[in-house]
Amino acid sequence: MKTQNQKAWLFVLPVLLLVAFNALIPIMTVVNYSVQETFGNNLFFWEGMGWFEKLLHSDRFYSALGRQFFFTGMILAIEVPLGIIIALSMPKQGFWVPVCLVTMALPMLIPWNVVGAMWNIFTLPDIGLLGYFMNHVLGVSYDMTQNPTAAWATIIVMDVWHWTSLVVLLSYAGLVSIPDAYYQAAKIDGASNWAVFRFIQIPKMKNVLTIAILLRFMDSFNIYTEPFVLTGGGPGNSTTLLSIDLVKIALGQFDLGPAAAMSLIYFAITLLVSWVFYTLMMKDD
Amino acid sequence: MKKRYFIPLIYILFLMLPIYWLVSMSFKTTGEILSGFSLFPQEWTFQNYRVIFTDPTWYWGYINSISYVTLNSAISIAVALPAAYAFSRYRFLGDKQLFFWLLTNRMAPAAVFALPFFQLYSAVGLFDTHLGVALAHTLFNVPLAVWILEGFMRGVPKELDETAYVDGYSFPRFFVKIFLPNIKAGVGVAAFFCFMFSWVELLLAKTLTAVQAKPIAAIMTKTASSAGYELGLLAAAGTLTIIPGAIVIYFVRNYIAKGFAMGRV
Amino acid sequence: MAKITLSKLRHSYYPNPSTPEDYALKEIDLDWQDGGAYALLGPSGCGKSTLLNIISGLLMPSEGAVLFDDKDVTALPPDKRNIAQVFQFPVIYDTMTAFDNLAFPLRNRGVDEASVTKRVNEIAQMLELTDMLHNRAAGLSPDNKQKISMGRGLVREDVNVVMFDEPLTVIDPHLKWKLRSKLKELHQKVRATMIYVTHDQTEALTFADQVVVMQDGEIVQTGTPVELFERPAHTFVGHFIGSPGMNVLPCEVRDGGAFLNGTNIALEGDIKCQPGGLTEIGIRPEFVTFGDTGLQAVVRKVSDIGRHNVVEAMAGDLKIRAIVESQPPEKGAAVHLNFQQDQTRLYRDGWVVLSEGGQNT
C-alpha cells in the first residue's frame, strides 16, 4: 500500500514547474488569441466566441477534420492487426530477436521530415524505386503529385512503414512476458491456436495494446511533418489534414484568432477520444 | 526455418527498402539521379558526403541536434526521477489528476504549440539556443519519462526502501546507491525514448531556432529548397540522420522488449 | 488412469551431450502403479521438473521411452496423453469465469454442454468452489486460483495422471496445510494416479505413498516415507529427509570394524565390503543416546524445539546431533554418546553398505 504523504509534492515540483512553463503559458496564450481579432502591429480586438462559431460552421474545417479521422482510422485498422500478427510470428528467443528488434525500431528513429523526404525520393515516378516499379514494371500509373488516391495510399503506407513497429514492439513485449506455463497448460487442456490467442495472448497483451492504440491514435491524429513534407497537403487539398491546415492558417496566413480556436477544438477532440478509449479499455479492471 | 518467420522477414524487407533507396541515392551523382532509374549507383561518389563534412552549416546542424537532444534527455530524466518516485510510492492530494494532466501534454498537437512557443521562448531569451529546444521538448518527453519510470519503480518492492532506512541510509544516498541501480533498465528505456522523440521532432525545433541552434533536419529542408533539387546531397544528409538513432538503439537492444513489458506502459 | 513406466530415460538440454554432466537426467527407470500417490522429492535443479515435463509430453526425452499402460507415448503431444498438470503458479484464463475455466478442457474436447455442467459442478463441489463459479477467475485469491488449476486437471474423467509441480509455492502458509489435506482427500475420492513434485519433505511425505528422491538427475532412492526415514540408501537422502537430518560421520574401517576417533562403533551387521573409498557412519539423531560409556564428546549447543531438545555435541571435530525427549545435558558438559546398533549404518562413497543382505558389497 502507498503511504499518504503530502511532502511528495516536493518531488513532483520540478516536473510541475517545467510542464507549467511549457504547457500552461502557451495554452493561455492560445486561449487569449482564440477570443480576439488581430490586424498585426499588436493590435487586438475582442472577438468573443466568434471564431469558434465560424469554425464550427466552416466546411473547410469539417473536411480537414474528416480527412484527419479517416487517416487515423485507416492507420489504426492497418497497423494494430498487422503489428500483432508480426509480433506473434517473431521468434521468442535466440540470435534473431535483437536483430529483428533493432531493424524494426529503426524507422521510428529517423527524423520525421527525413521520413517524408525519404518517401518522396522513394516514390518519384521515374527515378524512385517504388515509383519506377509501379509505372514501368507493373504498368500502373502512379504519381502522387497528380493523383489524390496515390497520394492517400502513399501517406498511409508511409505511416505503416514508420509506426507499425511500435505496435510490434509493444505486442512482442506483452507476448514474451507470458510465462511458459500458460502455453503448457493450454496444450494440456487441448486448446486450439485460436483459443490460445483469444484466451491467453490477447488478455495478457491487453495493457500494452491499450498503450499502443492510444499512442498510435494520439500521434497519428497529431501527425504533421511527414505528410506535409511528402505531399504538402496536395494534390489540391486532398491530403490536407487538420494539422496541416492549422499550420497553414497560423504560420502561413498569420490568422492567429481562427488558428487558436482551431487548436483548442483540435486539442479537445484528442483529449476526449483518448479519454473515452482509455476508460472503455480499462473498464473491466 | 519455420514458415511463420516469413512474416517478420517480409516486414523487415519492406522496412529496409526505402532506407536502401536513400542510402543508394546518397552515393549517386546528381547527373546519374536525374538521368534515369538505376538500382545500384553506377559510379560511386562520396562528393555528397564531402560537402556535408566540409560545410560548417551542415555539420553544425548535427552538432546542434545532438546537443539539444542530449540536454533534453538529461533534463527529462533528472526531473522525472523524483516525480516518478513520488507517484510510485506515495499518495498525495491530487496525485491521480496530476498524473493524467501530465499525460495530456503528450496529446497536444505540436502544431498547436508552435506559435505560442515561439513567443514564449523569445520573451525569456531562449530563442535559438540549445537549452531552449531542449526545454521545449520536455513538453512531451517528461510525461513519457515519468510514465515509464513509474512503471519500473512500481516493480521494486517497498521493503527495499524500508530496509535501507533501517540500515541508516539517508534518502539521497539510498536513492543513488540502492534505488537507481535497481531501475537502471528503466532509466535506459526512458532515456532511449527521450532521445528518440527529441531527435525526430522537427516542427518545434525548427520554430525555435534560426542560426545558432538549428537542427540538421531543418537545414536539410532549407538547403533542399535553396540549392535547387540536389537529391544526392539530401539523401546523404538523410542517411547521416539515421546513424545516431541506429547507434542508440543498438545499445538498448536488450532492454527494449523487457522495458516495454516491465514498465506500466 | 494408467500405470506409468519410464524406461532408460535420459535427457540433455544440449544438442550433443558428451559427458554425464551434460545430462539433466541420467538414466531413469521407474514403474508407477495405477492410482498411486507419488512424490518426486529433491532440491532445486535436481531434474525433477524435467522429468515431470517429459511425462506430460511438454519435453521430448533425448533417449528412452515413456509408457502408459505399456503403450509407448514418448512421441505423443500433451493433449493426446490424457494427462493433467498443475503448475507452480496458478495458471488460469483471466477473462473467463471460474466455471468456464473448469469447463475449458472438456469443451475443447467436444463434450456436450449438459455433461460439462454436471461434471464442473461435481468438481467445484469437491474443491469447495461452488460459491464462486460465476465470478471472474482473475479476481480470485491465489489459493482459489490454484484450486481452479487443480480442478481443470481433475475435470476430465479419463485422465491418466495428474501432475503437480510445486503447486503450493505461492499459497499463504496457513492455507498450505488446508490445500494439502484437500489434495490427499481428492486422491482418495478420484483414485487417479498423482505425481507431486516438490523440494519440501513435509509436502512429499504427507502426500505420497511412494516417494522418489532425486539428486543431480539421478534417482537415489524410492520408497515409502517410513523406508526413506529408517533406511536411507544414500547419505543424501539421510541429510535431506528428517529434521535435523542424519548424522553422517567420516569413519575409519579396519580390522573388520568401524572407528570414530579411535572408538569402535557397533554397526547393524558385519562389514563385508572391501576397504577403501570414503567410508561414513550414518546415524539419525533420534537414535543417539547418552550413557556412561561410549564415544566421548562435549555438548556445544542445546536447542529447545518444542516437543524435544536437539543436542549438538562435538566429538573431536565431528559434530553429532542427538534428539533428547527427557532432560538434556548442560552446555559444555562432557558426555558419552551411544548409537542404537540396528540403526547405525555404514556408507561407502555415499551409498549404504548392505551388510545384512550383502548385495551391495
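Per-chain numbering from 1; labels A, B and C assigned in written order.
Heads up, the rule we're going with is that contacts are C-beta pairs under 8 Å (C-beta built on N, C-alpha and C of every residue); 3 or more make two chains touch, one makes a residue touch a chain.
Nothing here was measured: the structure is a model prediction, and the numbers come from that model.
Peer 1: What chains touch chain B and also chain C?
Peer 2: Touches both chain B and chain C: A.
Peer 1: Would you identify the chain whose Cα-based centre sits farthest away from the centre of chain A?
Peer 2: C
Peer 1: When I count C-beta pairs in contact, which pair ends up with more: A-B or A-C?
Peer 2: By number of C-beta pairs in contact, A-B is the larger.
Peer 1: Could you grab the centroid distance between chain A and chain C? Build each centroid from C-alpha atoms only and quote it in angstrom.
Peer 2: Chain A and chain C have C-alpha centres separated by 56 Å.
Peer 1: Centroid from C-alpha atoms only, then distance chain A to chain B, rounded to Å. What do you get?
Peer 2: The answer is 16 Å.
Peer 1: Tell me, which residues of chain C touch at least two other chains?
Peer 2: none
Peer 1: Under the definition above, what is the set of chain C residues touching chain A in their complex?
Peer 2: For chain C paired with chain A, touching residues are 53, 56, 58, 77-79, 83-85, 87-89, 91, 93-96, 104-105, 108-109, 149, 152.
Peer 1: Write out the stretch or stretches of chain A touching chain C in their complex.
Peer 2: Within the complex, chain A contacts chain C at residues 179, 181-182, 184-185, 187-192, 195, 199-200, 203-204.
Peer 1: Can you list the residues on chain A that touch chain B in the complex?
Peer 2: So the residues of chain A touching chain B come out as 2-9, 11-12, 14-16, 18-19, 21-23, 25-27, 29-30, 85-86, 88-91, 97-98, 100-114, 117-119, 121-122, 126-130, 132, 136, 161, 164-165, 168-170, 172-174, 176-177, 207-208, 211, 218, 221-222, 224-225, 229, 243, 246-247, 250-251, 256, 259, 263-264, 266-267, 270-271, 274.
Peer 1: Please give the residue numbers of chain B that touch chain A in the complex, ascending.
Peer 2: Touching chain A: residues 4-8, 11-12, 14-22, 25, 33-34, 36-37, 39, 75, 78-80, 82-83, 85-87, 89-93, 95, 98, 102, 104-117, 119-120, 135-136, 138-139, 142-143, 146, 196, 199-203, 215-218, 220-221, 224, 231, 234-235, 238, 241-242, 244-246, 248-250, 253-254, 256-262, 264-265 of chain B.
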